[in-house]
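Take a look at the structures below.
Same chain, two partners: subunit A is paired with subunit B first, then with subunit C.
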Partner chain A sequence: MNAVERTEVKQPRTNASPWAIARRKFLKNKLAMTSSAFLLIVIILSFLAPYITTVDISRVNVGYSGLPPSSENWLGTDTSGRDVFTRLLYGGRVSLTVGMSVTAIVIFIGTLIGSVAGYFGGFVDSVLMRFTDFILNFPFLIFVIVLNAILFNKVSGVWVLIATISVLSWGGIARIVRSKILAEKENEYILAAQSIGTPASKIIVKHLLPNVLSVIIVQATLTFAGMIIAEAGLSFLGFGVPQEVPSWGNMLSSANKSDVLQNKPWIWMPPATIITITILSINFIGEGLKDAFNPRSFK
Partner chain B sequence: MTKQLDTVKEPKQETKDDVLVDIINLKKYYPVHAGFFKRKVGDVKAVDDISISLKRGETFGLVGESGCGKSTAGRTILRLTDVTEGKIIFDGNDITKLSGAKLRKFREKFQMVFQDPYASLNTKMMVGHIVDEPLRNFYKKSSKQLKPEVMALLNRVGLRESDYYKYPHEFSGGQRQRIGIARALALKPQLIIADEPVSALDVSIQSQVLNLLKELQDEFNLTYLFIAHDLSVVKHMSDRIGVMYLGNMVEVGDNEEIYKEPLHPYTQALISAIPEPDPTLKKERIVLQGDVPSPQNPPSGCVFHTRCPVAMPKCKEIVPQLKEVRPNHQVACLLYDED
Partner chain C sequence: MLKYSLRRILGMIPMLILISIVVFTLAKLMPGDALSGEIDPTNTNPEYIENMREKLGYNDPYYKQYIRWITDFAQGDFGKSVRYKTKVSSIIAEKLPNTIFLGVASLVITYILAFIMGIYAGRKPYTLGDHAIGGFNYFGLAIPSFVAGVFAIYLFSFKLGWFPSNGSVDIMVQEGTLEYWLSRIHHVILPALVLGMLSTASYTQFLRNDIIENSRKDFVRTAKAKGTSQSKIYNVHILRNSIIPLVTFLGFDIVSIIGGAVITETIFTYPGIGQLFLTSVQARDYSVLMAITMMFSCLVLVGNLVADILYGIVDPRIRLE
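Up next, the complex of A and B:
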């Protein structure tokens, strides 16, 4: 009895919901908080781009091409004479939109399929998981290239990219969520929920998902980082966002000329740097969240 | 407290004898699959042909050692798993084959108190919401509307109103079990199956929880199916007792009968194992040899013959049936089968 009381005193007593504890742990994590601040700044700058930049985004001026950084063009101009700083902010808009939308869709589909398969098990599980395997085994790059080619000019490019990447990327999340649900549903509180007449949909949403949410959130951050890289990679190869739309990947793709790569680092260094730092900070946030949700870590 | 109890005691007497739940030849087998093609190679006979009639307002104690199928029996009766064979008649309604929404409607009338107070509460939910969830399932009311009712319930099971806003990890085992009891009580059920409700608790807390269960029984006219392996707990709680061994019911009888004069050799061994608080009293202890056989491949004839101290040759062949040997005292043993 004494031991119980003593351990209870140690814990912070005020409003100690599991979420509050996780939040407190996260706020104490310096690396994660710095990363969050950085990411927030990047997001705000990108989405406020029209109000920050002074140079017209669509201005192409060959006469000004390849200029080094100056007071007028803070980060210089690219080979078509466009302002790199302006494009960097607008590009962030596209890259982050792609990353966030894909993450949202992927998490939604993955969680839905994974939790239904995990909770109901048996036949439902088999069917859904074989479908997931099918999706996972799809050749991602080829499919994206082909679909982009078919839908080119028919639908606005960015949304085609978001749709194709999303449809092909939820498999991993579905598997992770399913395995977590499989473990979680063996707990007696699920049996208790059944015994008080809670319908299956409510058991999944109200009981199971809150208990696997920490895993989903961590996966979401990692997916977000991965999807920014995927966008950059595809755009670099020329199969992502249409060339005329600025994105970090598109900006990087101009570095495939040796002249640019060797002599004009201001064209490709800014997008490369910002991609790297953004990905790093998202991953740090993910790690921080993982720690915060882990009841056994006391950092 | 006692004042309240006296006023509600009367109706219990007159309804004493009518049956609330009739469990007829209940069987629950878990199929065992093996090999590449997952062929069915056998069954684990967790519950093998048991029949119980639960009378309104009584406490029926179900005892037996670990793995004898008493928890499975409880869960099957509440239809938390499917029934392999047999029938469950609840208050005149056959609930054996119900599923989905129809079954859910019946859940209002029977509830369960679980063994592990740590695993049976969702740690991410506020206590108030844990307790009002059954009410929200059956009545279209919001948590806010139900708050006074839930607070009264918490009070009734010995918790404070401020506990409404707390989370399960802020409570001790005994308090958590009270939360579980409040949840089971919320819908004012007729039957509560208590699956070893105190076995995970400190001995000092056990009696508090048991007494709470007893008080609630009188107050709400509850019927209990009380599952336990602790014989002194069952003795304290039950009106009638059923002894299970390896999925079979070996003896059923009134509380005093069973403790005073156990008939089945297995029950005799169990009862001789109850610790005696008086050190000067020497009891003869019957120690059973060997382990419980696998329920996947139970012994032929009487399932107990492999460990029975008084087994006869015919025990290997003949399956004993539950027979009324004394008034209100049934036993399934060939020793009492001479005539």
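Up next, the complex of A and C:
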């Protein structure tokens, strides 16, 4: 019994499933693994922020404004006397929530429209794709800001921002999913499923989507990075999450004041650095996933 | 080719109409008088507002208002700015040259940097220099322009003092002199670098990969067998083939410069259209806002069209689709 087991271990695992191969390749990718670990730490720290620090983030203390880093305030305090480190943790919570929610919505809409257009083809396809083209032709930043100006004083908040960004950003995903579905549906197993009367919704969900899932996962990673940038950029310009809610972009917007930018780098450098490193690591994870799912790459 | 281009241009027209309808709807949703800017927002007398609305035709059915607005817009009449008390078209005309200057400068810098780095990395792949350029590219693609802009001002303007941190030209210099132009170039370098960073990284990456791929092709082997010098193979035979696909990026550059201009011009307080756009939101100068929105939407459409047509020129297979 023992001997049999040992020989099995020694054999090259040629019959591993594509997912197992991808997982092994990804685990071997040092850069992607380091990035994943870093991202995980950032996510955990951000979402556990209320348990990690007990400092009240909304407390404005003018007496403590603009203090350089010290043992009491690890990263100093901002112009309103709030602790930068605490705000960085809470800011991560908002920025990552926005990034994840938008990514989830965008992937959902994009996959839905892309797979329906790709599977049914013909008239449905042309209508949906013209609509996608239409969405893609909007200058994103401009329209979010205009919508923001319209909604000014009526509704505001993180969820409005998430909705606005999502509505304008699903076009690219829809196009990619459509092109993948178009290629995938030519396979015989789809014809077989159709011939035994499988309903279209079941063919798409059970047969087609699992085969384009790897592409969707890679796109989701890249979208996540893009959406963190979008949130931070909009908040930096003052059109993102409301000013009183800490987010990385809101914190960075203090660099718009020339005094802060020039003389108090501890206020704007932490959010700038954390944004950059987070985006970098998400991109590395995306590259690693792309590589892991690519059957032609051997590492 | 002509047929393909014409088809693309014709296909753009319904999109243009749809987008103009969206912009019109948004303008109608805006508080106050976003289309013409004729009604004085400080005057809250209901009788005055009602008179003005009647005079400007705001009580007409929407389709009539739309047609009037779009005809005026096509003729270059964008209404009046509430903030500046003058025509929107003349404000835009004043700021537009600055943005065009910034965009062109950023393209020039992008092309120069990307060519130097891409050609070097493509010629010597997997060496230290290639890895360094690859690392730079990763940063270029990952760092958002507003973070890069803030860091650039802090480092190059405040710490090193190499470049000015705001404005488009020194106030002291006389317009039209050589000094004036030098000062403008001096002011534009830093924002242009930041604006072009993303495209620089993607151009470099593309050029490098394309050169490596081309260097394995048969025509390179033939050239080598005939004894052509290495530099001639790379600078003439390969580069010519690798530059062609790069051309298609130009359309997307137009699109990305439009979005980037808003952020970059704000960080560097550079007086262009992007900054005008943001200050108009803050000042609730909605007629300027909508005029710029419509203009940018048209430009994005033109950018995508240019990309499409260039694709058709480069790859004849696309034309047949």
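Going forward, the second predicted complex is superposed on the first by the 279 of 299 C-alpha atoms of A that agree within 3 Å, B and C clash if a C-alpha of one lies under 4 Å from a C-alpha of the other, contacts with A are read in each partner's own complex, and residues count from 1 in each chain.
The rule is short, and it goes like this: a contact is a pair of C-beta atoms (placed from the backbone, for glycine too) under 8 Å apart; a residue touches a chain by one contact, two chains touch by 3 or more.
Note that the structure is a prediction, hence the values are computed from the model and not measured.
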Using the superposition on subunit A, tell me whether subunit B and subunit C clash or fit. fit
Just checking: does A:Ile275 make contact with subunit B only, subunit C only, both, or neither of them? Give me first, second, both or neither. second
Using the touch definition from the top, say if A:Pro199 reaches subunit B (first), subunit C (second), both or neither. first
First, second, both or neither for A:Ala255, with subunit B first and subunit C second: second
Touch check for A:Phe47: first (subunit B), second (subunit C), both, or neither? neither
Classify the contacts of A:Phe120 with the two partner chains as first (subunit B alone), second (subunit C alone), both, or neither. neither
Looking at the overlay, what does A:His207 touch: subunit B (first), subunit C (second), both, or neither? first
Put simply, what angle do subunit B and subunit C open at subunit A, by C-alpha centres, to the nearest 10°? 100
Please work out whether A:Ser17 is in contact with subunit B alone, subunit C alone, both, or neither, and reply first, second, both or neither. first
Determine, for the superposed model, which of the two partners subunit B and subunit C contacts more residues of subunit A. C
I'd like to know which partner A:Leu191 touches here: subunit B for first, subunit C for second, both or neither. first
What is the minimum C-alpha distance, in Å, between subunit B and subunit C after the two complexes are superposed on chain A? 8
Kindly list the residues of subunit A that each of subunit B and subunit C touches, one partner per complex. none
Of subunit C, residues touching subunit A in the complex: 15, 18-19, 22, 26, 29-31, 138-139, 141-147, 150-151, 153-154, 158, 165, 255, 258-259, 262-263, 266-267, 277-278, 281-282, 284, 286, 289-290, 292-293, 296-297, 299-301, 304
For the complex, give me every residue of subunit B touching subunit A. 75, 78, 80, 101, 104-105, 107-108, 111-112, 114-116, 119-126, 133-134, 137-138, 167, 169-170, 172, 180, 183-184, 186-187, 202, 204
Per the touch rule, the subunit A residues reaching subunit C in their complex are 133-134, 136-143, 145-150, 152, 225, 229, 232-233, 236-239, 252, 255-256, 258, 261-262, 265, 268, 272, 275-276, 279-280, 283
Which bits of subunit A are touching subunit B when the two form their complex? 1, 4, 8, 13, 16-19, 187-189, 191-199, 202, 206-207, 210-211
